[in-house]
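Per-chain numbering from 1; labels A, B, C and D assigned in written order.
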């Protein structure tokens, strides 16, 4: 499946007293990865919410291999796992500045109707862009 | 004016690589202080929002004297500065575990109608509880 | 195995524009859960770090069932999965105010020597408290 | 005095249930602004810390005018207020995607010796780059 890479610098406020990025902050990194993957396909997650579809995370898994450090330029590689139905699943690799693997991760998100909070199918205009 | 104190422990994820609490996290500490001050008066900020009144922060000022550290039990002392009209102003002192002053702070919040986003007066049932 | 429960209120700054707790913030909730579990056994995680042992998270998994909301009193139930060797594993359940399950989670942390950053065995004084 | 502009997108996890950026997150935005300002002068804040100088924030002031929203491209304009001695002071303007002013801010940071935690003068190699 298609993948997309997005890079950014680690902020000071993202470190903890171990001198590395606090592990909980990786959730935001993955979020940026998949949002930029969507954007690269011409899909705005913001627009999707405005059109009444929300995509909460229902499963998050991260395996930490090496530490990310302050000011490092890190890269999130986001890959769709399979064509989405009522859920959408991504695999991620987070790379450090020397392309070393810092972490691997997986998230599953559910398509929900914003008003009713009930599961819906992945909107057709998104499916079209994925095929 | 009345004041209220609220204590809690510093979380690991709130520290940064200087080994102390990241300065930006104090905004959440102040928020907890004023919410608990309201609760002590029988006012639920959550209920206020549900009734259509929001209270965004329009001014934030913090002076940092000493560092807060991981696992420290710290205390936020919240004091109303004057009776609110369309704005409400608080002074804060943040104390460390030995009652040393870690920071002093001030915030101003505006009463807004949630639907129109326009300024409104402090609701009467809150004013009554303050007098 | 032994378990421990710890309760606290959701902060405003922990919500996102879906109107619920941002999923990434649960990592801090789990961290509080295991730190308070340790404290209940007479073990200070802060003290452990000061004695040269650090415990980075190497695996994090969270399954989200229901949303946590602002001002909710939520409870983290932390349970040790087995006696630790070079790693320590916890299972968690996060409950909402009516004891409904909001999320289940699992973390694995590694005992490391703070100076060398190399794996070490779980310190004896901790093992003793667990048996 | 010299100024520098730095732009980035608002993350989902930075919003709160008001549907806008949580006010406390602006502290990180200002931090990025001044770090990129330093970088534009050839100064690495990371390198400065590695050389034993830390720069904790001792004063933070933010006036919020308009809300920043999810996915907005926002810009931090950072300006040095005067040549630093033992402290360094910055003024900031945060702009939204249409160059509207979202907030103005000011921070004062203190030069400290990392080992002794005592105030020191701004290092000469930094002063040279500022004149």
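Things to note:
FYI, contacts are C-beta pairs under 8 Å (C-beta built on N, C-alpha and C of every residue); 3 or more make two chains touch, one makes a residue touch a chain.
As the structure is a computational prediction, the values presented were derived from the model and not from experiment.
Taking the CA centroid of chain D as reference, the farthest chain centroid is that of C.
With A-B and B-D as the two chain pairs, more C-beta contacts join B-D. In terms of their C-alpha centroids, the spacing between chain B and chain D amounts to 23 Å. Work out the mean CA point of chain A and of chain D, and you get 27 Å between them.
Per-chain CA centroids place chain A at a distance of 33 Å from chain B. Multi-chain contact residues of chain C (touching two or more other chains) are listed as 12-13, 17-18, 20, 22, 24, 27-28, 31, 70. Touching chain A in their complex are the following residues of chain D: 8, 11-13, 27-28, 31-32, 35, 44-46, 70-71. Note for the complex: chain C touches chain D at residues 12-13, 15-20, 22, 24, 70. Chain contact summary for the complex, chain D toward chain B: residues 17-18, 20, 22-28, 31, 49, 54, 56-65, 67.
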